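Naming follows writing order (A, B, C and D), and every chain is counted from residue 1.
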């Protein structure tokens, strides 16, 4: 049967094609597999992790969080000075060049910061609005505020304040961000949207001798298990976020190291304080007592995380001695009884359908709440509509989380606990005027112990008021081949690659 | 009807498929009696246990009994498959009958609408509809109802056009019977059989599609033990606890094969010439 | 024939018109404000309002539809909220992967389905036929995402034959890299093709003209190739034409698992992030793709089978 | 020496209802240049007999169980392998099928279909094959054959298609043509043209023809001899004039009685009562006995009677009725 012969032939041709070796692997290429895809490289128009992390590899900011995440360190600015009244910020630029070889000038800095604060496209205006005057002077940049606004300085460490070459951006417009030029350790050399970002070492990088690797490939691999398989197959050197249940297994494998760090993130259940019975603080506290957070961290997070005292991450000014609500179902029932709900109640729990960890948490929560008579029906919703749904107040309970963009607690406390503010205590509509006052005061207070005390007080009030069920701070995890040294995830959730080396 | 049953019983594939569906049904009915485990009861002390005498299919990452969950999931999946097939089938048959029988502008209008829906890849449209409406079993139904009827409409219309040309319809027309009467008595029974055969292969694909939607987090909601969801939630455990994906996968494949076999049986019964 | 083709192409126009209306209406019922989605969670209400006006979201429905049709006609299909790029650019970047995967899996499906359909048809009713058919039904019944992981673990990890996913550069590398995803899609397509081809083969083998051919003294091979197989394959063209929509849709699932940056991944991401211009543009585009493929198969069918007349 | 001699041919078909012995001990001969008519009710085994000769069983699972099919100069076809049969079909003997609408491959141009057999057997080139097809179309009186040779079958009417089928059968100048009800599917005027075509061919090339039909009118018109079949067996055979004018088997008589011939016009048709017996489990004895008005107990016993010459019959006129002995 000749037709079958032809088929055999065709099959073998394909088999031959398969036998071809894949493209030669170049030494000193670092392959990182991650799940978040960068969407755009315009720092003022993005807020997704994939974009932010990549931008931070390409662009520099004046100052940046240090690796410990507790303070700030010099970036493009070699040094800085804050006037005693906090109204004038003076930065002295270092001798740095963009990857195309042109020097980074104070004019570039002024251009970039104005863009972040004023441009219509900017999603981050509020972070830079308080800066009202920009001036360049020699190799210095002088920023002026009309009113004291302490977080402004921290905000300059945000990726949105990345320094761009003025000339190229004005000339090319949006097209610039298709092949951006920055002063960071790497430059973009290839971008297959949805698949991978290729970076090459910036020859003009201001840190002498860095980065150590020639090229970096960021591979977008959405499925966590697929990332693990990639690492094991040697097709990735580093993977982010392996499935939690596989971490122990991975760490026992030869040639693979796993690591984890707890970033400024907190997971919690939003309670709609405008809807009974969540308008009753006893009920809200009862729910906090009813959840066995240790069990969640152990059973769902596989110990990759820690129990949270409140929704505020443990960061600058945090009171490390603050204790979480203990697991105490008896106390929970007692509080519910006090609120006239001895028999419990029925409610709905909103969960982001795309978040696998949250799906599991929800199942566990449902069981735990059931123990105290609270019947929670799980309601899945698109990640994309979570925000608008909770904003509109169309929910009872919603499993959610928050991360800090800066190393200063101001952003998150404002977001989570202040009402009225932009998010009205993250859509819980919970309100505490004392906390509101403290917030206003804190923003005008210069960094120091006095400001620290205000934060501590705010967090305590927040905990007592329990507008949410506080759960845990999950770890960010990664795994790498042993030949890779120096990779870590920073408390700000991103990673730097200039110090990473590959040994053969 | 009697001759239909006896002819169907002569098809080995059909009998095997029916038997397999009965097995699934029996498991659903008997499991609460046989298995002491609540499909929703969490036990953090007994997570990811391999299959044993105690837990026939093992336990999952919450310590839930997988056998009980797979059996409970059968209710959801079979309900989804049947509803998502038969409701659109009825809709499609109605559209096809009306379009084919009345012809003219009615036909043109209905068939243009059919063409439009037909133009979208099945998965794309279902994903988009569920994605837009939000994931829930109710919205799954809506998506399938909106999408799945087109195949039937096209098939039935084609059949109606063929049958209408046959003489006895002409005769019936001449005898001045009303349209609905002719459709009900003469056309419907003949046009329905290919639709019924198509429905069974549709059922296989529907069970698949429901599972695929779960994969994207757009399907039935946890902790419901829908099979696709069981598989999706255990993909990360594929190597550590393979039984977590294996058994729901087998259940999915088992019922898929059952539907396919019933379809073959129906095909052999309803159109023995293999037309 | 020429007139037939022109007519057939003209018939496509109202369909495409309907497609745009359906896509538009679909997104109209979507909960959530696109402007707010696009600006992220950090923007103020005033900033969001500016964007709403900019995108014409404050306009009446029919004007928004007109804007959408204009976007489609100019070929941009709108602008992505998150990528900040014309949807058409996103589509064109990813189209080669989806088309490649579709074509590749169809080829694999044919390679698998053809010999088995032939063997099954030749041994119709015997054990081997029953066995082949059940295996193919099983292939159709196995969930593709499950199969994908099994293949990755087995072929990529344990045997090291293929990469675990992603795309490479150049034809040969992609033939290698895309083999597993193409195989997953190809298996279910193969099942559909095998079923229909086997049926057609059996039907054709019993046709009178086969007796005529044999009566001419042709060898069994000649009869099979020239008369049975050729005629059956023609009808397979139309089966593929009908099923191509299923295949294109089927790539959605595997693209995500195998990290193939195709249209399916784009769609899923757009749905999950509610990038509504992308969802809308893509659904229209997908429909266009199907309409075009159907058009091509119809014409090919009409050319291969002289009896078929294009209306 | 006869061109074809079939001896005690037995052919079985497997079906869902069991094994059917459609041909059960048929013997017949065909002389060169002779037209033999094979008549009988539908399902009597006429077609099966013809198909057995060339072993063309279509989609059904047919098998020659025993008997001989001797083709002069070739040997016993019944013992030949499929490969050997392929050298006989078309070249030595060809076949014309009943329904011209389905006998042509709809996706192949008619010229190619006519010549493809000759291409293989005679090793014709492309051009020669094309020319052959044109010549053959002309020979079967298809108008403007040069143009029609490249047409598709669906562009032809039923009558033209049957001409194409005949052209196909003539392509390699076979000595024997088996025509299985070649005119049943056609209307009356076309029928006559087709029959004339066959007669013409016999005239010109001395080609022998087995003509299967259930139309006794056709038989009387162009056949030389006739064989009457009933339930898988031949019950009467002889020259056309003998058998039609002087039928000896009760079945043949009944058939003729049912025929509204010119002589009997105006008289009521006499239908044969009852149905033919099942060929899965045929009754013992004479198979026509259950329907035969003259049947005796003897008829219903033992093996079916053999064909034999009866006293007073002309040479070559045989029947299979035991009652004939005493009549």
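Operating definition for what follows: a residue touches a chain if its C-beta (ideal position, glycine included) is under 8 Å from a C-beta of that chain, and two chains touch if they have at least 3 such contacts.
Being a predicted model, the structure only gives us computed values, none of them experimental.
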Interchain contact steps from chain B to chain C (minimum; 1 if touching): 1
Chain of greatest Cα-centre distance to chain B: D
Most centrally placed chain, judged by C-alpha centres: C
Selected pair, greater C-beta contact count between A-B and C-D: C-D
Chain centre separation in whole Å, for chain D relative to chain B (CA means): 52
Chain centre separation (chain A, chain D; CA means) in Å: 88
Between chain B and chain A, distance of the C-alpha-averaged centres to the nearest whole Å: 42
Where chain D touches two or more other chains at once, by residue number: none
Touching two or more other chains - residue numbers and ranges from chain B: 131, 134, 216-218, 235, 238-239
Shared-contact residues (touching 2 or more other chains) in chain A: 223, 225, 354, 382, 385
Interchain pairs in contact, sorted by label: A-B, A-C, B-C, C-D
Residues of chain A defined as touching chain C within the complex: 1-4, 7, 10-11, 14, 17-18, 20, 22-23, 37, 39-40, 42, 45-48, 120, 123-127, 174, 177, 192-196, 219-223, 225-226, 229-230, 232-233, 235, 354, 382-385, 387-389, 391, 422-423
Contact set on chain B toward chain A in their complex: 40, 42, 44, 47, 61-62, 131, 134-136, 216-218, 221-223, 233, 235-240
Chain C residues within the chain B interface of the complex: 14-16, 18-19, 21-22, 26-27, 29-31, 134, 137-138, 140-146, 149, 153, 199, 202-203, 245-246, 248-250, 252-253, 256, 267-268, 271-272, 279, 282-283, 286-291, 294
Of chain C, residues touching chain A in the complex: 31-33, 36-37, 39-44, 47, 50, 82-84, 90, 93-94, 111, 114-115, 118, 149, 152-153, 156-157, 160-170, 172-173, 175-177, 179, 221, 224-225, 229, 256-262, 265-266, 269, 271-274
Touching residues on chain B, where the partner in the complex is chain C: 112-113, 115-125, 127-129, 131-134, 204-205, 207-208, 211-212, 215-218, 228, 231-232, 235, 238-239, 245, 249, 252-257, 260-261, 274
